[in-house]
Structure formats: structure tokens, C-alpha cells
Amino acid sequence: MKKGIGQHSIGDAFDSFMLIKESSRGVASNGKPFLTLILRDNTGEIEAKLWDITSDDEAVFVGEKIVKLTGEVNQFRGKAQLKITSIRPAQTTDGLHVSDFVEKAPVEKEILMEKLTEAIFEMKNPAMQRIVRAFIKKYQEALLTYPAASKNHHEYVSGLAHHIVSMLSLAKEIHHLYPQVNKDLLYAGVILHDLGKLKELSGVITTSYTLEGKLLGHIPMMVEEIGHIAKELQIEGEEVLILQHLVLSHHGKAEWGSPKPPLVREAEILHLIDLIDAKMNMLNRALENVKPGEFTERLFAMDNRTFYKPLFEE
Amino acid sequence: MKKGIGQHSIGDAFDSFMLIKESSRGVASNGKPFLTLILRDNTGEIEAKLWDITSDDEAVFVGEKIVKLTGEVNQFRGKAQLKITSIRPAQTTDGLHVSDFVEKAPVEKEILMEKLTEAIFEMKNPAMQRIVRAFIKKYQEALLTYPAASKNHHEYVSGLAHHIVSMLSLAKEIHHLYPQVNKDLLYAGVILHDLGKLKELSGVITTSYTLEGKLLGHIPMMVEEIGHIAKELQIEGEEVLILQHLVLSHHGKAEWGSPKPPLVREAEILHLIDLIDAKMNMLNRALENVKPGEFTERLFAMDNRTFYKPLFEE
Amino acid sequence: MKKGIGQHSIGDAFDSFMLIKESSRGVASNGKPFLTLILRDNTGEIEAKLWDITSDDEAVFVGEKIVKLTGEVNQFRGKAQLKITSIRPAQTTDGLHVSDFVEKAPVEKEILMEKLTEAIFEMKNPAMQRIVRAFIKKYQEALLTYPAASKNHHEYVSGLAHHIVSMLSLAKEIHHLYPQVNKDLLYAGVILHDLGKLKELSGVITTSYTLEGKLLGHIPMMVEEIGHIAKELQIEGEEVLILQHLVLSHHGKAEWGSPKPPLVREAEILHLIDLIDAKMNMLNRALENVKPGEFTERLFAMDNRTFYKPLFEE
Amino acid sequence: MKKGIGQHSIGDAFDSFMLIKESSRGVASNGKPFLTLILRDNTGEIEAKLWDITSDDEAVFVGEKIVKLTGEVNQFRGKAQLKITSIRPAQTTDGLHVSDFVEKAPVEKEILMEKLTEAIFEMKNPAMQRIVRAFIKKYQEALLTYPAASKNHHEYVSGLAHHIVSMLSLAKEIHHLYPQVNKDLLYAGVILHDLGKLKELSGVITTSYTLEGKLLGHIPMMVEEIGHIAKELQIEGEEVLILQHLVLSHHGKAEWGSPKPPLVREAEILHLIDLIDAKMNMLNRALENVKPGEFTERLFAMDNRTFYKPLFEE
Amino acid sequence: MKKGIGQHSIGDAFDSFMLIKESSRGVASNGKPFLTLILRDNTGEIEAKLWDITSDDEAVFVGEKIVKLTGEVNQFRGKAQLKITSIRPAQTTDGLHVSDFVEKAPVEKEILMEKLTEAIFEMKNPAMQRIVRAFIKKYQEALLTYPAASKNHHEYVSGLAHHIVSMLSLAKEIHHLYPQVNKDLLYAGVILHDLGKLKELSGVITTSYTLEGKLLGHIPMMVEEIGHIAKELQIEGEEVLILQHLVLSHHGKAEWGSPKPPLVREAEILHLIDLIDAKMNMLNRALENVKPGEFTERLFAMDNRTFYKPLFEE
Amino acid sequence: MKKGIGQHSIGDAFDSFMLIKESSRGVASNGKPFLTLILRDNTGEIEAKLWDITSDDEAVFVGEKIVKLTGEVNQFRGKAQLKITSIRPAQTTDGLHVSDFVEKAPVEKEILMEKLTEAIFEMKNPAMQRIVRAFIKKYQEALLTYPAASKNHHEYVSGLAHHIVSMLSLAKEIHHLYPQVNKDLLYAGVILHDLGKLKELSGVITTSYTLEGKLLGHIPMMVEEIGHIAKELQIEGEEVLILQHLVLSHHGKAEWGSPKPPLVREAEILHLIDLIDAKMNMLNRALENVKPGEFTERLFAMDNRTFYKPLFEE
């Protein structure tokens, strides 16, 4: 792909493909309808106006559609804006996918799937293994593409799988250092804990919340689904309840969305390694953008702190 | 029934039936096992020691068993204690039931069931009506005997049904005053909101918490079961989700056990009338025990306040 | 009345009466004074500039004055603004009242007064009845026109009386369901609880706070006035103290402005039904503005929540 | 007076006068009534039982009565207890007063009154001066005997006057250092701020709370009374309102009982010097009881801290 | 000095000296670099753009530089902006100092130093006196010029010394009223408590935070330095520890930056008089700007309150 | 060593060595002094009274003394008590050490020291390495014997070193999984973070707090000492400041004793792995004491939670 939108300056001509992230209709002072488009490629975002539209245009230029654009990068009220000269929907022959236009995990899907499979293979408790397998089978595709959150941490394609695989590595080491830890239970908890997000978030690109997500939230949704799947698989025994408890309690406190705090050792660890991996993801990405001797931007999900990169880091 | 334990003074002889509420084994300084029994009838509770027990005794004198006792009311470290002269399990021919020994709702089971049935009959939305009916059918017996809580409010036999029926009256009036309220939804919420307690509490008498109750709590358990039952009844549509939301949010705040606050009008009302009925139950019972011009004992579940009964109340 | 300001579009001519809600003086870059007017009718608000004013103009075009305007609806920095061509004060012969230009309670003043009178008539305790009557007599006119609050709930003409009358209906039903409740005390509490707002808020239209309102607040002001009036009526006995307590405690907690929490049964109920009626008022009005399947705007006074209207609401 | 109860050891005979602080009736295991007496002199307190009492005894040996006792100091469950051999009420001829048996302020009443009078004399604003004078006249006797609180600070006879006079000295110095401060207003605030306690606390010795104290609290009671007195004196003008505000806000925050925080300079200072004098009183008395190098007992009203007395303090 | 920038109106010509408070480089749409300057004199601030700059300009027109400017006061987006006609750095011969362009304490440096010296001279404890002397000697110049804070209170030249000297007066009076207070310790605490700010804040004019200030804060920095200096002076004994404790605890609570609360009498007083002097400074300056009958602007550091100046204040 | 005190039952004779943990003097009702001893061996604790003591006894039987005892295990008010028949101080020839009587880390001192040395050897940053080495050299002996805390976690001999070594393993793995982490900095932070406890706690056995510990706390004490040692070693550069920051911020929040929150990546990780290792230590030891299907006792330092050991754990 050519130079992305993130590398253009004011005044540059632009001629490339972009993804429509959002499209909203307005009416201009001359009474004619227009579209405000938020366009993105994998280097950044830009706003554009499409004037004097037809009802066909409205139906075509919608969210998650890929388009071919020519135009010029202008400035409007201090922000860059793309002045559109021509626009057309991408065609199958253009060979493009939505995923070409969004940020992705630094690890390939195949690798992530492989590591997940390995972890499940290591599990010895059949009840837990079967439940985990059933979930992976049911949600494999979504799991490998969804972000882990709509913002803050792992908010990119395959973010959820990336988060799970990182946490599995942490879980393995924790088990190594504290051998009393039940590895099967911890692995199962890691893999399942956030799968409810696949139904809470509406999609990979727009990641708004579904109605179910808003009214129930991913935690109770997942507790319920573990119950359904265990019923279908005719699994009984404490494993089901304990797995539900791990999911239910993994936010740690009632104020953070867990009606019960962790009351099983592996539930406590699950909460802690979830915290660590989320924080390391945010911190490492923020620190990459600054030079030694500088502070990062404020990180909202880390109590709005700004972090310092010491001079001795290079 | 004769004079109850609550009406005996220190030094009185005692000869009557009581219910064993709790039984726990200890070993005396002479090395012999004994039982500490908490006994109750519907006028109060007393502790007793049963010395030099056999393993048969251990198997017989357990919680929820009715026994015939003779003895004397003594005092030990400032508390009344029953010195047992003789003890035997009650026999079928004694014609007694556990329910004779516990406090009961001021309304009969039959009336409570009738009022529940009436309310369900009034409902017009078929999805909600069918779900509510399925629950009533499944849990009818437990529903009519369980308390609404292990302490604080409606903590007596049929307390849960009594609480529901009171709330249905409130719901009816609220609907009358604010006709925008969806009566079917509010009725369904009222009936279902606390049914999870039937699985959270271990029984009518001892009302300790089940393992499931401790690790998940009645709210997520009930959200899950609404899902299961809707699946079995093949009911789809927003009604299922909204009913789950009403149950999930009825404690009002995350800190109080609801991971989502009420986000539907009837969910907000459900939370409010649950509060009112619980508080009125506590307040009215506490104020009955004091005379005008006096304060009640401290009510733990009402921020430990003590309430005043004005002189002009007769 | 003709088409209101709320129904005009940019570019429309305007020729009608409006109420001046606020008027503030500025000095233009040419050194001449001008007025910024906030104008309203019962369909909405608009801003206007009145240039090159005389000191007469300043004295005439003040808050709560009705004016006849002609002009054109323009746009300035993205907001509608009325360009004034002519302006004159309304005359008596125009037959207009301030109340024609503001939102009103959905129930007529006469009905509200009737319901209040009925409730007072039902009271049997002479001390409470006399105190309530004295307040109604003293404040009748203001009571029937003031809003219940400057924003959030019942923030319209007769809002306070509307709130009281709604709460009286709730009180009646609560008494019906829990007959231990002292109806006279609860009625008196409902009628008096917010009357302090008549002195806390500066008026019906602008509803800013008086100095007394800012430095003392409506609760202590009302506690004091109950004392004054009881003295004048030479009423002694616990009724006075208990009524003062109901007013003092009706916000429920110190953090919410009640230095004492409710410590009398009817004080607790008063707090709860005040909550219910305020919340129902906010919720019902917000939900009227959305269609099934949509969420309302955020409701600041309900913890900033946004509420969902289910699809099955028609 | 002879050796006080605080100087007796277990086994000592006792023969002296004491004050009954509390008297409560019980029934012994033999069925006969007895009294539990809390007795005090100005060196400490002791418990005693008076067995086999008559109804005359019950009427005579009540709180705030002075009695002549002989007996022996015993020990019961680890606490000292007075075994009574004989008891009789003190007679007028014994020449004793309740105040002989309680802790007193380190400054004489006459001096306290003098300092109060001086401060009032210094005031120039006639409205404030007249209001303060009216209060002093009305409450002079109680003001000079009441404690400032039932525990924590200045909890001794004349404690309230002592607290006021100390604060007046602080006020004078603050005015000296920050001459913008309105001395009259600050003096009036200092003198009035806690007078409501004269009606909130039931007396000098037992210092329990009156009903009015429990249901309204001293702050709203005092705000009301300033209103009454200003009415009687026909004083109008902002002084009344501002004085009410100073009283209302002097606890500083809603959570601490002030529905409005200080919003006038002198209200803020009043709050701060009230804090300082209360804390210095607690601290100085606690530190007197320990040697350099030791920590005091925990001071409940200072966040349960324990304070260190450095070695270099002597 | 001539009319300051604060006295100019839009359209006025300007010809005077100003101080550059901040200077930041930008690139214009024509690709050429420019500087945005924040300029101030002791009457106020204004923004200006310096277009088409050379790299020499960039090196010369930096923060804390005094410049001679001619130009015109314009308006840009509603804010005043200085259009620069000519600019040159001030020369030594202009005889100007940075301190001519900033707000200053209302007391002269010499007086402040004198009062400090007096207080130290009064101290009798040699250990404390020597430590305090060492600090004053080391930091004298900075101490007499730094503000006490970067905003809120005493945020002007010599603000820190002014704050200390005010607090010394308060300390003297407190010692007078409560003679148990150790005056030497309290004086030492007052003088040392905020000296860490000399290393926490980067300078007198810009008062941003140093890296050390951001990562450690002035309190731990000062605790450490007291340790260093005591070591150098070979002072041992509890005085060092107690002084460190006074500094450590002077914010009063962990949430406010003191890991230990005050646990020594003088530490508690230090905390209280620090509060009083800071609040009086903020309040008095805010009230000076309003007329009787008005409220001040909101004071952020006083819980965002707005204070009322009563009508009877002249 | 023979059967320990923890394995004795009521009525057993006892004849062995124990350590006096605490000794306090009392006076019996017969007027003679006695000692209350808290005795311990490495299996548990018991109380004993030593009656009719001489002043020699008082001087001999003090805390941290080893004694030879014969007697009988009795019961007093429901708690075991050792009735002493004979007691004598242990002699050098008994070959016993205090450390024989206390709980110890499950890893030998030598191993702990070796692992510490290895970690320091791995460090490449000379400034950090030299500072860490200086501390280890200065405190080696105490470091290898002190507990990590006076209760809650690692509260046993060598507990601090055990905690550090566990955290070093976690640090190594975290660095492995997130290679951006600065291993030297994290290692140095882990080793230094709690060394202040060596001066905060008074000793290995009694672990009460020193005066310095109470008035400053281990965090500011350690920040100061890093400064002193860096000065002595003439180390300059950001390493010193960053290490001080890691120590200062390792409790994570102001409320928990860190005046600055972590503002450097490794500071955040240090806080997190400190939490994990402390929690794992508490959890694993509590769960060892219960069987599958049971709950542990309440763990105070984990929000008073009680943890469940699932049935499938064996």
C-alpha cells in the first residue's frame, strides 16, 4: 500500500483506498443533504464532507465500506479535512479487506491460535478442557479478530486473542513459581474470562456496545453462557461453578463490576494477571511514543497518570 | 401448644417440644463427646448441652429435627441455658411440623398464592407471563416457605412470598398513579427479582448460604436461570433480556451487587419498591416493640439508626 | 398564539410576543452599550442583541418583561440568533401574562388546590392541621406557581404544587398498604417539606437562588419557619418538633443536606416517596421524547444514566 | 475533702460522699430488685450494687443525688466495685453541691463571665451586640455550667464557657494578624456557635441528648432561635442572616452536620478556630498524662491517633 | 513605569518593556517558523505572534527574557493579542529586572528576612537552631524570592517567605495562648516545612515542576535534606527525627501527601496554622476584588466555593 | 526437639524449652507481684503465670530469653494455659538459639543469599549495582533474618529475604515476557523496596515498631538512605532519583503510604509484583490448613475474605 493518510501534510494531494468508519447525514444551509465521513487506513483517520448526495450515495457510503478516494488534504478550524474530488466503492477485484485498514496485534492470528491450542492441550481436567474447547469452537473466528476492549488496552484487531495469549504466558510462569496453583483452572479462567465481550461489543471496527452489552454486561452474559454450554455438554460437578466464579469475580470488586470478589485462589490470580497484562500493554505502547527524558501523554485508564521514560533508557 | 420457651424464667421446669436449629459436636475435658444444641420454638431460642453422647445420638439430634425435652431453665455466664433431663425425637404421631416452631408471615400461604396467581392472570404480555408461570411452577413449594432474607427483613417462613405480594400491591398503585409504567414488566420483575434466593439460601430454618450462593450470589444465578427457562420455552424477543436486566439491576448500584444500574424505567421502580417494602417491614416490626416516647433498638440494615415513636401515636 | 420560536427555521421572519428571561448589558467595540436578551415563549428560547440602546431601553427591557418583536432568525457561530427589527413592551391591552410563555404543570392550578384542600380536610390531628393551614394560607399564591426545583424535576410553573399533589396520592396508597403509618403526619410532611423553596428560589421564571437560599438553604429556613408559625399559633406538643424533623431529614443523609437522617417512620417514608415522585417525573418526561428501541439523553440527576425504552412499548 | 475514690486500692475501706451519676434497676436471681449505681467524685468513678431495695430506695437513690457511703473496694471480673455497707442521702447540712463531684474548667466562672462581657463590650455593630446580649441574658446560668460536649473536648463543668473564652482569644489574635477580618462578626459567631448545645444536652452531669437534640441537633435549633430572638428584638438587616449562616456552617462540611459550608470569611475562620481550640484541649490534657518518650492513649476524636511526647520536653 | 498592558484597550498603540513568560515555536501554513509569546508586566498578560523568525530570534526570545516592544493591541477570536511592530531584548542599561514584571509580596524582602532572623534568634534549643540556620544560609536567596506555590495561595515573588513570616506570627500567638506548646519546635517546623518547594518548583517566574519535584515531591525531598544537613552538622538526638516528622506530616493526611499524620502536638498545630494562613491569603485577596453584597469568583483550592461579602462591610 | 507446645492437649505434662515472647508484670490480689509470660516454640504459643516473683526473676525472665520449663497444660476461661512447676533460663551448654523457636522461611538463608547475589551479578548498570551492593553489605545480617512484615505475609524469620527472592523470580519472568522492561531497574527496586523495614521494625521476634518507624515509616526512611548512600558513593545521575521514586511509590497510592503513585514503568511493575507475592504467600499458607470443600479463615489483609478450596483439588 502507498503512503497512508497519517503521512500526508496540509496541501498534499491524496489518491488511495480508505475505510469508512462512520457516516452521518446532515442538511446543508442550501437545504441539500450531505454526508460527514470518518475515513481511516492503518496509519490514521481523517474527516471528509461529501456534498449534494443522492439517496443512492447514502445507501452506498456507509460504515465498514472500503472506498477509493482522490482529493486534497485541507485544513478546517485547525483540523485536517479531506476535500473529496472523486469517490467510489472498492470492488472485489481491488482485493482489499476491512482488516487492511485497521491496527492489528503484533502477533499473527495463526500463532495466537496455535498458542491457545497448546494451552488447551496441556489441560488435564476433562470437564474444564471440554468447556473451553466448546467455547473456542463456537467463537473461534470472532475470538481471533475482536479487540480486547473498545479503548484503553489491546484495542486492535486480534486484541482479545493477543491479551489471552499473553496472560497464558504469565499464568504458566505463576504456576511455575507457585506450584500450588491449579494450572488447568487458571488456564481455563484466562481463556474464558473476557469471551463475553464478543457479544458485548458490536464488531471489530466500530466496537460500540450491543443492547445486551449495555443492559447486562459481558460478565453476567458469560456466566450464563458457561451454564448453557455445561448443560449442553452434560457436565456436572464443581468445575462449572468454579469457572463461573472465576469469570464473575475477575474484575476484583463490586465497584468494578464483579458482584463477588475472588474467593478461590486462581480467581485472585486471574484478576491480578489481567491487570498486569492490560497495564503493560498500555504502558509499553505509550512509552514507545516518547523519547528518554520525556513524559507520556496522560493514560486515562491508569488514573490519568503520565509516565516518565528515564534518560538511561538508551 | 403450651407456654413457649420465650415465656420461661430462670429456675422454671420445662417440658415441651422444640426444634433443633443447630447441633455441633465438642469434646469435654473428660474426653467424652457432647453436643451443643440451639433449640427453638415459635417464641424464642435457647442453648443446651447434651453430655456423654453416643454416635447414635450424634446421628439423631441434628438440625431441623423436632425433639421432646424435659429439663430446667438455668443460667450460665449471664445467658439462659436449658439443663436437659430427658430428650427424645418427636414421632410422626406427635403430629408436629418444622413450621410449628418458626415465625411465620402474617398472611397465610393460600392467600399469598392466590394473590400471586391473580397478578399473573392480569398480565397481557405472553412472553413475560409464560416465563413467570414456568418459574412459579418450578419453585412453588419453596417460594411459599422460604424467607426473603436470612436476617433483617421478612426473615420468617413465607417471607419471600409475603415480600413479593406486598410489592405487587405497591406496583399496582404505582402503575395507577403513573400510567406510563408497564405493569406486566413491573409485575414480572417483582415476582422474579429474588427467586435466586431459593438457591442461594440453604433452607427455611437454618438459612445459611449454599456454595453457589457464596461464589455467585442470587442475582447472577437468577439471570442465568431466566436464560435457561426462556431457552426451554423457546421464547425470543427483548422481553427475556429486559427481565434479566430487571433482576440484574434491582440492587441499584454496583457496590450493592448490581453490576448494571437500572436502565429501564420499570427496573428503577422495582429497585425503589423493593427498598420501601423491606424498610417498612423492618420499621413496623421494630416500632411494634416500643411504646410511644421510646426509641427502637438499632436497626443494622437501616444504617444502624434507632427510630422514635412519637407520643401522639396513642 | 401563532407559530412559536421553537418552530422557526434559519431565515424565517418572526413577528410575535416573547418573554425576556434574562437581560445583560455589554459595550460594543464602537463604545456603545447594547443588551443581550434571552427570549422565550412556551415553545423554546432564542438569543438576541439589541444594539445602540438608550438608558430608557435598559430600564424597560429587563427580565420577566413581555415584548412584541419583529425580526429574522439568523445563525451566529452555529446557534440561532434573532435579528431584531423592532421591539416594544407588551401593553395591558395585549392581554398577556408571563405564564403564557413558560412550561406549566399538566394539571390545572384549581385542581391542584382542590386536592391540597381535600388532603388537609382529611387530617384529624388538630395541631398538624392548623400548622399546615397556616402555611397554605400564607404562601398559597406562590405555592401554586413556583416550580419544585430550578432544574431536573418539576421545573415548570406549578411544579411544586404538582409534586406535592402526586406525593399525596403516593402517601395515601402507602397508608393503605401499611396502615400503621400515621397519615396525618405523612400528609403534613408532604405538604410542608419543600415550602422553604418559595424563599430559596427567587421567582417562577428565573429561579436563581436568593441570598438566604444560598447561605442557609431551604431546609433550615423551613425548620425555622415551622417554629415561628407554631409560636404564633401557640401550638405546643411533640407535633411541632416531629414536623420540623420530617422537613429536616427529608433529603435522607447529611451529604445530601439533611443534618439528621430520618428517625421517625413517616420521615423515612417521606424521603422515599419524594425520591419516587421526582424520579418518575424525570423518567417519564425523558422517555416521552424517544421511540421504542432508543435510549434517552443522559439524566444528570439520575447519576447521569441514559434509559432504554424497550421495543415492546408499542 | 478526703482521699477520693481514684486514690483507693482494692481492699481499702471507703467512707465518704459521692454523686450518683446513673442508677438502673435490675432483678436478682432470687427475684428481688437491686440497683446498679455509677458513683463519682472529682477523682473518678466506681460501680456499686445496692441489693434488696425497697421502692423508697428506688425513689431516693437516683441520678444527680449526693450520697454518704461506707464500704470496701472489691474487685469483680477485673474491675473495681464498691461493696456498700451503708448508704444515705446527703443532707443540706452536709453543705455539698453536685459541682463538688465533677471535673471543672481550669478557669473560674467569674473570670469566664468577665471575659465574655469584655468581648461583648468591644463589639460596635449594634445588631450583633444586641442579639448576643439577649442570648447571654437568657442562658447565662446554663452557659456558665454546661460542658462543651458530652465527651472528647471541654467535657467538664463550665466547659462551654471555657471553650468560648479560649476561642475569643484566638479570634482577637486572628483579627490582629489579618485586620480585614470583621471582629464583631467573628466574636458574635464564637459566642453563639454552640449555644444550641444547652438545649441539645440534658444537663451538666449526665449529658445525654434531649429528644430535640436527637431529632434536630444543636445547629438547626440555634439557627431557629437566632431567628426568634431577632424577631423579638425587631432586628432586621443582613446581620441576622449572616449570624445564622455562621452557626449553620461552623462544622465545615455537610458530612459533619453543616448543610452549607462556610461562605463568608468569618464563617471559615470560626470553623478553623473551633477546630484548633478543641484539638488543643484534647491534646494538652492527653499529653499531661504521659512522660517524655511516651505515647498518649488513642484519641478517638483525633482519628484515633496516639501522640508522642518528645524526650526534649524536659 | 508607563501605563501597563492591563490598562490598554483594543486598538491602542503599545510601546514599553515586557517579560517573556513562555515562548513556543510553531510552523505557519507558508512553512515558515514563528514564535508564540506570552508576555507579561506587573499589570497583566497578553499573547503575541512573532512571524518569520530566524534561528537567532529563537535563541534570543526565550522565557524570562525582558524585551522592548512596539505594536498595537488587536483582537483575535475574542481575546486581546499584541500585534508586534518591533521587538528587541532589553539591555543592561535599561536597568530592568525580571522582578519588575511580576506580582510581589506586600512586605519587603528586607522586612521578611528581619522577621525570620528574629524568630531564629528567639530559639533556645541549639540543635533546632543550628539546623534552621544551616537551611537559611544555604537557601537564603531563593527563599526570599520564590512563591509559596505555583498557584492558589502566596503565588507571587517572596510568597514563600511571606507565608513563613505570617505563620510565625500565628505560631507566636498560639504559644502565648497555649503555653504548653514548644515554641522552638513550632518555629523550626514553620520555617522548614515548605523549603522543599525551592527544589520542587523550577523558578520564580514559570514555576513548573522539576523532575525531582514530580517523582518525589517536596515533602520527601525535605525530609531527606534535613537528614543530610544534620549529618553534616553532626547533630544527633530526637530533634532531627521530630523535625523530619513535622515536615513529613504537615499536609495532615495520607491522601494529601503526608504518609504519616501529625503524631506530635506541634506537628498538629503546624498543619493547622499552615491551613489558616493559606486560606486567609486566598480569601482576603478574593474578597478585595468584590463589593459588599457580591460573591467572589469560585476559589478552586477552597472546594470551589464562592464567598459572600456582607453589606455591612461598609 | 521433642513434641512442641502446639501438639499438647489439656491435661498433658510439659517438659521442654520455650522462648519468652513477651513478659509483663502484674500485682496479685494478695499484693505480690507476678509475671504473665507469652511463651512460644516453633509449633505455637501459650500463656503462663509465674507467681510470687523476686526482683531477680523480673530481671531474668524477659522477652527473647529462652527458658526450660516443666508443668502442665491447663485450661483457663476457655484458653490453654501452662501451669508452671519449674522454670530456669537456658544455658549456653543447652546449645539453643532464639531462631529455634520461631517460624522460618521455607528456604535456607544460604540459598536466599545466593539468589540475591546472582541477581546483583546479572545487573549491568553500574550505578544501580553499586547502590544495591552497598545496601546488601550494610544490612546483610538483618536482611537475612528479618520478617517482611509484623503480620499478614512473610511474617517469619528470613521473611524479607524470602519475599525479595520470590519477587526477583517474578521480575525475571516479567522481563522475559515484556522485554521492554528495564531488568536492572526492576531488580534494584525489588531488592531495595522494603529494606527500610529493617529500621522500622524493632527486631526479628517481637517486631514492634521503632520510634522512627512510627513517626516516619519505612518508605521515607529508605528514600533518605538511598540519598545518603549515593552521596557517600559519589554517584550522580538519574538512577538515584529513579530508585528513590521506585521505593517511594511502591505502595501504589497516597492512601496506602506512597505520596507519589508509580510514574515510571518499572515502578508500576514493582507495585504489582509486590502485591502478587504477598497475596500468594497469604493465600497458599491459609489454603494449606483447609481440606477440599472447605473455606479458609478470614484473611484480614485480603479484605477479610475467606477463600474456598474446590473439591477437585485432590
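Chains here go by letter, A, B, C, D, E and F, matching the order in which they are written, and residues are numbered from 1 within each.
Here, contacts are C-beta pairs under 8 Å (C-beta built on N, C-alpha and C of every residue); 3 or more make two chains touch, one makes a residue touch a chain.
All of these numbers come straight from a predicted model, not from anything done at the bench.
Engineer: To reach subunit D from subunit A by way of touching chains, what is the minimum number of steps?
Structural biologist: 2
Engineer: Both subunit C and subunit E are touched by which chains?
Structural biologist: Where subunit C and subunit E share a partner, that partner set is A, D.
Engineer: Which option, D-F, E-F or C-E, should count as the same interface as A-B once over half of the contact pairs match?
Structural biologist: Overlap exceeds half of the contact pairs only for E-F.
Engineer: In whole angstrom, what separates the CA-based centres of subunit B and subunit D?
Structural biologist: About 46 Å separates the centre of subunit B from that of subunit D.
Engineer: Could you state the distance in Å from the CA-based centre of subunit A to that of subunit F?
Structural biologist: Centre separation, subunit A to subunit F: 43 Å.
Engineer: Compute the distance, rounded to whole Å, between the mean C-alpha positions of subunit B and subunit E.
Structural biologist: Computed from C-alpha means, the inter-chain centre distance equals 64 Å.
Engineer: Which residues does subunit A have that touch at least 2 chains other than itself?
Structural biologist: Only 211, 214-215, 238, 242, 263-264, 308 qualify.
Engineer: Following the definition at the start, I'd like every touching pair of chains, please.
Structural biologist: Between chains, contact exists in these pairs: A-B, A-C, A-E, A-F, B-C, B-D, B-F, C-D, C-E, D-E, D-F, E-F.
Engineer: Show me the residue ranges of subunit D that touch subunit B in the complex, using the header's touch definition.
Structural biologist: So the residues of subunit D touching subunit B come out as 29, 211, 214-215.
Engineer: Please name which positions on subunit D make contact with subunit C in the complex.
Structural biologist: 211-212, 214-217, 219-220, 223-224, 227-228, 231, 238, 241-242, 244-245, 248, 254-260, 263-264
Engineer: Going by the contact rule at the top, pick out the subunit E residues touching subunit D in the complex.
Structural biologist: 125, 166, 169-170, 173-174, 176-178, 180, 182, 185, 237-239, 242, 261-265, 268-269, 272, 275-276, 279-280, 283-284, 287, 302-303, 305-313
Engineer: How about subunit F: which of its residues touch subunit B in the complex?
Structural biologist: So the residues of subunit F in touch with subunit B come to 10-11, 75, 308.
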